[in-house]
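Below you'll find the structure I mean.
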């Protein structure tokens, strides 16, 4: 099971959980698993977001692999950053 | 409207062009003579990117009318290097990484050369005040000042 | 009207051109103000009259009674005259503050005066040194004190066809000293928030026998602060005198709020700067004794 | 993984490859290209800060002899919601939202004629009350810029100028404050500032008969210009080709488009190449500055200097359209410190000022001014040395960030230790002088990069990338290629290519070029090295496993039993054709693991107590750069960022009048630092390698602008006893505080 950290602004969609455990071999699969448990999470996260897998931040990384022991953080996309 | 015919010397070469009475030397250099090394950063004399010499004196070409240079001597950045040899100011700017984006560099080259021709041994303060009219937003000036001081040392040697 | 560019060779040619074209013509020397105003759409003269080819406007003469500075002399060229710098250090300090080295190559004291900005750097120094402006027009010459040359922001006493030929400054006595300071937020490349020109004379005892204090950028024109000057007369330039002159300058200042500073700030700094300028001028005067 | 290796070129200071062109005036910048038949485009801009557009009549302008095209927003499609705001910023549609907002454009046979033609366009406005401050934007009954806007993640309370809200939280800060011995609660404010690049935006655009659009422009990203222009025009990306010119500074401000789609429209209508160049006034009024901010901050600490909790609420100006970097600011504000209980809330606020764009570490300087000012006050309050206070709370490997993930190796502690050891920290101070310090943090970015390396037949290498070289990146790319191939750095020719030549590459920005594009160059060069081994194996008639590559030579590996003299890159390059053909290496990546960068800055100021004027008399900037590829350009980034931050702290600000007209749209009154305003800036490089990058590179360019605002303010406090919580610390503002309210 991978651990998913829910951003504070999205916890309202996840019964106020800070962390949840899901199965999933990729960011895409993890997202689908969270959305299956808490319908509406995916929509609330929106199209542009970044993700941190074990501390490494990725932009645009829907298909990045996620190991079973990994911790995944969904982050609002970094606006600017230039 | 009849244009004015101007005969002048640019970097020691006889040069002729046509201009309107309101045309600036900067626009004439860039658009009519094709010397785009002289840059426009503000067109109001505040940034120094358009620095050239007029009869040996440092000026902002954005504040000179093209018609005025008739019979005068204009010096631009294109005339600073001697065929295959860079001027010490140019060489030292490269060695000290005294440029990042490079847009202010032509103005800095022309202004620093004019300084060293007047004062071969300027202090850091002298260089800073002389170049106060040459805005640079990339370098924080540090490496430009070092380059000019080093060029002065080399030219004195 | 057809746009034109003229380079008259004599004063007569210039005045005739200016009279003929009226407001459509604009004379210039360095063009450092005019071209910026044209760029900003504030002026769009049809006929540009370049005065630099008139010999008299480029003269520089240091006489035994009087120093004559041609209206179109570049400030850079003035600074290269060591005798002038020695005689009028304050005026040259003011001239040197008109813009960058690039501007110095073109700017002139005459142009600075004719542009009639309340913040012009050289004007307080000219007024403090009791300069007189030689004006030529279709009807001949006339003299105007520098203190009266500007009549408001951007306007001068020059009438139709008239032009400024030169500035005449009485040659300072050995026991006189002048100075100019301005306040700007940066170290260079700014318009004066306050400018102060001072000229004064000290006798052998250190008593101030003559003084003139002029304030820039704190009124519609440069202020000839006679009360401030009076505060210096008849005694030494000591702490009390400095306090008096500072207070008088603050009183005399009539600034406005604008993007370059608030009125209150300008008034305060006028006092501070006046004190500092007087100190420098007094030191110079004392050195001459 | 970052490798522990001995470098030959990395860390050296070769002369940049584009240097001669830049010191001789030969380099071609945005406004330097002219094409046969080219005409000039100019924009008509709104004289009002907030108005409804009732009608636009361009017929008189069109009738002028020599005017070849006139366009307005109706010439742009309006069906892509993703670029709706961008399109409206380029050419106003329903409303104008700031003074200088473009509303129509003209192309004519001369620039002067185009300008005259603008006067012939008649626009009828219904002038509305402008919203010019965060306070005014948030006030009840404030004029609303967009009635239809409803922010996500907020209760719907009707029309608002808040465009977005973000939140980060951990633990229970409010109850944790009870554990604190000292709780400081302060408000901070900064004003709108501009990047101040010296080169105005410029482009030349040619639309061909087949609809292909060719753009030459100064930009931080050719591919960004391509996609944004195509989207705004509603055409396929492949119909746009962008050739980036040399670029005269950007600092984030040249990552979007203003002129290019308009010039494309004008070119399409006129059939001519169109040049558009902004004036300096247009750059200030209508490009993308950085917004002002208001930050309410509360931090609690124990007597021994441990932070126990912090809360922050912040509002940032977005300009006329949504999109301030408030979220980045919210993510930055507590990142340098390790504590458990926090709450951060940020609001993106629209108002009648130009639409902001990125500016170097967007959002971070504003919030860092707040937190680092407060930390200074906390240090004074607790009588703890300010470096010790920061060390006691410093983020390090494993520290959990306010937005979730944990830091890998970062160098905050190392920069603090270096600051304490620096002679500057203990140097005596003169009269009216004071010393301040501050730290700064920025995430850095990875994103997409491609690189092509082509070996020439004499063994030199051409490196093709798509990142405009804004500050010496050609030299960095060449160094990394030379390092991998073991050839002289002068034997590498780095090239910045157009969007049809280079592989897709994101913008030059985000402190990402040396990190991400450099990584692609390393990978592409390694592919060449592998191919060289294959060729050597052919020449030696052996297995490729028997061939190794080291220091620019293929050589038999130990124990292979082969006895051949090493073959140099040039030796093999000479035989390319007979060993299999050209040798090219290509690599691309969406780079992950951009290592965050920390800096510690020390600043000494001298204050004139009678005028409030502040002079920076000594400045030291210490930064963890991971690995300095070309130390001179690393130092240059640090010095330049520090200088910009000093300007932001002291004198730079947008000044608007009551009607929303910008009063200082020029260098004279915008007051960026000039050469005589600054001391030498001592840039100290600390190298804590980024574990993700092959060489350990971290981005460098953004962090240096983060600490100076607070470092200067803290130094002013030390010199005067006055704490400035509002920037800029311009002489009138400081004097007012020095003299106490009332006197001034």
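Letters A, B, C and D mark the chains as written, and numbering starts fresh at 1 in each.
Here, a residue touches a chain if its C-beta (ideal position, glycine included) is under 8 Å from a C-beta of that chain, and two chains touch if they have at least 3 such contacts.
For clarity, every value in this text was computed on a predicted model and none was experimentally measured.
Looking at contacts between chains, the pair that accounts for the most C-beta pairs is B-D. If each chain is reduced to the centroid of its CA atoms, chain A and chain D end up 27 Å from each other.
One inter-chain figure worth recording: chain A and chain B are separated by 55 Å, centre to centre, where each centre is the mean of the chain's CA atoms. Touching of two or more other chains is recorded for residues 20, 22, 43-44, 46, 129, 131-134 of chain B.
Residues of chain C in contact with two or more other chains: 40, 187-189. Among the residues of chain D, those in touch with two or more other chains are 667-668, 673-674, 676. All chain pairs that touch, listed by label, are A-D, B-C, B-D, C-D.
The touching residues of chain C, counted against chain B in their complex, run 2-5, 7, 30-32, 35-36, 38-40, 47-48, 50, 52, 74, 76, 99-103, 105-106, 187-189.
For chain D in complex with chain B, the residues that touch the partner chain are 13, 15-16, 18-20, 22-29, 31-32, 34, 112, 195-200, 246-251, 277, 279-280, 470-472, 630, 632-633, 635-637, 639-644, 666-668, 672-676, 678, 680-681, 683. Residues of chain D that touch chain A in their complex: 152-153, 165-170, 220, 252, 255, 323-325, 327-328, 331, 358, 360, 362-363, 403-408, 443, 445-447, 507, 509-510, 590, 592-594, 692, 702.
Residues 1-2, 4, 20-22, 24, 43-46, 48, 51, 54, 57-60, 62-65, 67-68, 111, 114-115, 129-134 of chain B are the ones touching chain C in the complex. Taken together, the chain A residues at the contact with chain D in this complex read 5, 7-9, 46, 52, 54-61, 64, 71, 73, 75-76, 78-82.
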